[in-house]
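Okay, so subunit A shows up in both of these, paired with subunit B first and subunit C after.
Let's look at the complex of A and B:
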């Protein structure tokens, strides 16, 4: 999903209709689409069927305030992430900033830190009066010293920006890198200044990448629960969670959910619409990188900016987690709680997190293969529709998935009820788009000639699929799988609502402890979670040119 | 399918086992039917229980885990699984699961939820061995639920920021503009807060309760998800005043914070101290009935009650178990008279009220 947006369009590449036109493919792909769409349809049915008074009550009181809150946060964070992301991408791709190679890794890594863990760290440090920093300052100076508050709109916007900008950074970085030198050179030759060239040539060329990143940030913020709940800023997601967890008012939850999903749909559609006609085709043959800009006297401010972002989004939260983990390991009582809470301990949280996320990744990738084959190898209006449908998961926040599964599973699949498999199901539904996009991109880049050769040498379509197609797209499938794994590992609201008794994942445990104020106890689990996510991220990034190429 | 069969076999087996235990005669309460007298009491010997006990708890994890640990020590071969959440979330899960029960025991932080669940036949009767040492008003109809502990709704304040004379003596003073932005409370998802609002509807009527809540909102009271945040915020001085259950004051005081406590509304003509009780019931069709009953027995045993009293400063309901030293006994206060008989109706109206005024 991250990079596949940036495809070099092979001119003249023939996309022939392949033999996988067999009805079973259409049927399988259709079945996957139905499976993915069920929660969405169910929510809409519930919302439409909801008591009229539920709508009226919500319209009169909460919806407008929630709408304002949510949109303001989405706008602020997306804007902030775009400025920081594009700025950093330009600095590491286009200038002579020192240490670029290492920085590309460091600046992508905050993606491995769930925002609510960042929120927990900043809240504990900076909480007005009660925080560690305000208290230390008060002890030092003997009086209160004003410190920035992590609470409310600005705190939430700042913290969420810190942990979502890498989407924009990675995608716009890749776009900058694939940009041809001759475009900017032509602009300069025609009399544009360096600044004018940036605005009129560079930025429009990387615009699709920036928009793709911005879309991911915006959808992430719409779905965000943990951070906003922790920082006491009410959005649609947190309001739905309250309805579900605190009052269990399903009609109101369904009404709010349908509005939230509607918002996400508008965003998805807006991105398609804005990006639609812009497609910059470049020939691979004579590509060479653009010249780097010498920063000159801007060198120091640039270093300061990059170091500041890396400090707040990576060094500070990780450093604090390491210190707390160390404190946890030196305090016998805390240590005992970490390794044994009820009948469980850290080991079982790690195991639960890993197996559910891995299973979700495997299932999502497996389900995405027929959809990708159908949409890429036999393109048609129907197959495109099926493919789009498999991407609605982007627009269904975790709380909404949880709501629909809570309502559906006990009725239709009672043997699954109160098992961890419901949690896995939520992960698959929610993260299916990432797998679908990765598989489609991998298949798109594989020339059908390989498959045609196998067929002409006497292989059946099934043999061709197993012996030729799947092995060749395996790296793409693995990338999609690791992305699903990474996001499932970080998932919080659906896991919280759907977990069976006694079943805790790392994310849930960190959350439960953090909300009870046991942050030192939560730190080791948080650290393990971040490390596991970082490994998946590293696997994902090492194949990306933005990370591993010299420059 | 096979799982469902297995489950029903397990249920049958466990019912069979339970009925082997000698049944004790039961004192029937006013509206008790014959069913109550069939409620068997388990007489499980320590260490005998095996299998899996699933507990749904509206008491947050830190407030139930020590008691579970105490029970677990007696039955080391029993696997115990806890799901802690809000009362209403778990209550709805119980209703949802009625045909296919997952939980064995439900523990709540107030009586409205258990009372309304009892009316919906979610529990099965069970008379714990200590039942005759519990006050009758804290036992559900037909022994469907059993009260555990009592808590008072109090005002705690930061003594560095507020003097004792200055501190509000009534919950109605919390809407006074002089405390604007200085008060913290738990929000609409918290069981104790819900129960307080439900109780106030009964005491002073819907309109006055609504006016009080509107006053809190106008006064920019900050509503947290739970009381732990409230007590920590007041302890640190982030807020001057908090509306909490009484033990949060003692827990915060034990951490060395400068906090004071007011048992509000004690003057003549005022509503008195609002209290609520925690309670527990055995889920109808509990997969592991012997373990469920043994756990209820433990909760109202002297040992279990002492754990609640000593570790969490609560008022034990079992006669003969003392409050922890330093905790003001409830006998010294005028208590508000809270009626939970129309619980389901009351709660429905309470949720609508919170929704209508948009309580966070």
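Let's look at the complex of A and C:
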């Protein structure tokens, strides 16, 4: 989504497309949309059909508190991510901060660290009683020393902000980069100071980028389970998880889920609404990068700020994981546990993680191609609707997908029940929008003249599709696929709820060990997970102008 | 009332080998429109940006209405110069409507005053009905006009325009140019604008300043620049001249196609180059002759003939649109200027065509 947003953002207004109409295409795309939409509709049906008492019980007691908790966390993290993300983007794009090129990489990388792994690290270090740092301080000074607690609202907000700000960072960075220098110069000649220009012209101009990033952060927080559960802060997602995993109260879970999905829908709609009729695409001609601001005496504070963010979101968690992994490898007993837990070891977690995520990526991309072809190559109201429908997965948190699939598969496809394929299905449903957007953006940017040339050289529409279109959009498809892979790898709640007994992925193992307090044992698996995710992220980022270009 | 004076302005960019602006001086007074013209990279846009305060000069003094805004140790930031600027890409703020864009420079004034000014400006360029639109919903010409009145609304001391018409297509350009010129004249604005199009410079400018490699080659009225170019570059850039070798003898100059009844300028050696435009040359068919027709380009109102003299020298000549003569014909070419021609010392960086 990140990449496609940036691309669409640059590619400008409506343009000519090469039309390609075929009945099979409409049918296939429609079938994909139905497949994606069923779980969502099912949840609403269950919620509406739920016992009235379930609604009343929840309305009287829990919903309001959960709503308050969830909204507070979403607001705090989104706000924090915007401040940090925009601040960092401005510093690395528009000032003479040293080491900008390397920093653009480093500051994007926390996206590869699942927030619950960060949560595990900070919890182990700072837990009020028994945390490594409070313990060490107590041993040193012989008495308890007050340290910040990672538990509760502020802890959760802080840690989630650390691992979600890159969404805002990358998108607002791209927006800053595409901003014309003359825009700010015009403001200066119209009487604004440099500072006034920043607030009245620069910030509003990159606003869509910031909002797109903020939306991703907010949806992430709505769906977040692992971190809030670890840090004992109850939100909708974690409450649904408890209903499902602990009490098996599916009616309550469905009611809570429908409220959660409703919230996500409101966020999606709000982002569209806030943007309004203003369009921010600018003509590419005469683009000149704006001049870098000399930081002067602000240089040192700026370096401290950037270094602080990089330390807490990247260096500290990675460093700690590396140290613990070393400890794990030097302790025979722990090592034994890492490589053999019951009948399974690290190798099988890695394998399970990889094949489920890769399969999900391949499936999502394959399914997205007909949808993208349909919506871009034969634009109509119907095709737009199909494309929108394939993107509702954004609004459905992992726990909700899991609930829906548990119910549906049980009823309709019992032979799939308790197989890893249900896990893969959840990944596909949840991450389908990323693949769809990637494929659509790639198709949209393809100049129609390539296909027109192929037709004029004697190829049929089908031949053109296979010989020209698909090879040309392949990079875009791969980008979408690696995004699906990356997010599937990190996905926790759906995996936990849907996996067959004994089927462990890296995410599941790390989580189980972390909740049991075996953090040293969890470290090597966590490190492997982060590294795999970082590889996928690096593949995505190397295509990004914000990372690539000199400057 | 409004005046800009520039003395020995210098600007060097770290990445470039030569100076972008090299010791440029000029002054411009009330209500005049000055066109800075020259090929790309000649320093005209940099000069404009230095006046606006968007670049810092390395040396030199800029005065607006007698007040120093840039000099050694003095730098007034752009927002306090009271200079309006129209950008090449218009730079209309995409997040503001046309109305808000025009009102942007009026901050701090009374609401009623802002409303009157913006409406007056919108009326001036016929954009009243577009007030509530965002820039992306305007046509190229409308954007251009909106950008113009946005710059004019705060009543700037000086209006700067950076290739303001280059993003418009040819038809529209001619029309908008006309409107803009009459508006500027009506407001009696003092204007400096940049263009690389000599026709545009001649049309829009009360005065022209020709730039070449960071230096101001010549400044004067369009007629002065066109009729008496002071450097070969100006002669070549303004009106595509051919350069013909000549020899100064007594009070005349002898060339391959006849003797010119004008003396070479004082202090010049006797080997000179005469700048000839197509309208200064004529020819008749003549079997003996001094050259031949190589090519004929039909330009609508004219035929432009390319001739090759027996020495190999190329010359261009205009003929009426009905006078169509076969290529390859032998001709006798001669000068028919009716005014003194520009003469330069030979080997003085003269590039013939």
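Methods note: the second predicted complex is superposed on the first by the 537 of 551 C-alpha atoms of A that agree within 3 Å, B and C clash if a C-alpha of one lies under 4 Å from a C-alpha of the other, contacts with A are read in each partner's own complex, and residues count from 1 in each chain.
Following the convention adopted for this analysis, a contact is a pair of C-beta atoms (placed from the backbone, for glycine too) under 8 Å apart; a residue touches a chain by one contact, two chains touch by 3 or more.
Keep in mind that what you see is a predicted model, and the values were worked out from it rather than measured.
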Clash-or-fit label for the pair subunit B, subunit C on subunit A: fit
Partner chain(s) touched by A:273 [first = subunit B, second = subunit C, both, neither]: neither
A:517 touches, of subunit B and subunit C: first, second, both or neither? first
Touched partner set for A:195, first subunit B, second subunit C, both or neither: neither
Partner chain in contact with A:242 - subunit B first, subunit C second, else both or neither: first
Greater residue coverage of subunit A in the superposed arrangement, subunit B or subunit C: B
Touched partner set for A:205, first subunit B, second subunit C, both or neither: second
Contacts of A:182 with subunit B and subunit C, given as first, second, both or neither: second
Which of subunit B and subunit C A:141 touches, first, second, both or neither: neither
Angle at the Cα centre of subunit A, taken between the Cα centres of subunit B and subunit C once the superposition is applied, in steps of 10 degrees: 170
Subunit B versus subunit C as contact partner of A:406, first or second or both or neither: first
Touching partner for A:418 - first (subunit B), second (subunit C), both, neither: first
Minimum C-alpha separation between subunit B and subunit C after superposing on chain A, in Å: 47
Set intersection of subunit A contacts, subunit C complex versus subunit B complex: none
Contact set on subunit B toward subunit A in their complex: 1, 3-4, 54-56, 60-62, 65, 68, 72, 79-86, 88-89, 91-92, 96-97, 99-100, 102-103, 187-190, 222, 224-226, 228-229, 232-233, 235-238, 351, 354-358, 360
List of subunit A residues in touch with subunit C within their complex: 13, 180, 182-183, 185-194, 196, 200-201, 204-205, 207, 277-283, 285-286
Footprint of subunit A on subunit C - complex, ascending: 52-54, 77-81, 83-85, 87-89, 91, 93-96, 104-105, 107, 134, 136, 150-151, 154, 160, 167
Of all residues in subunit A, those that touch subunit B in their complex: 57, 61-62, 65, 127-130, 135, 229, 232, 234, 242, 244-249, 252, 341-343, 406, 410, 414-415, 417-418, 499-503, 512, 515-517
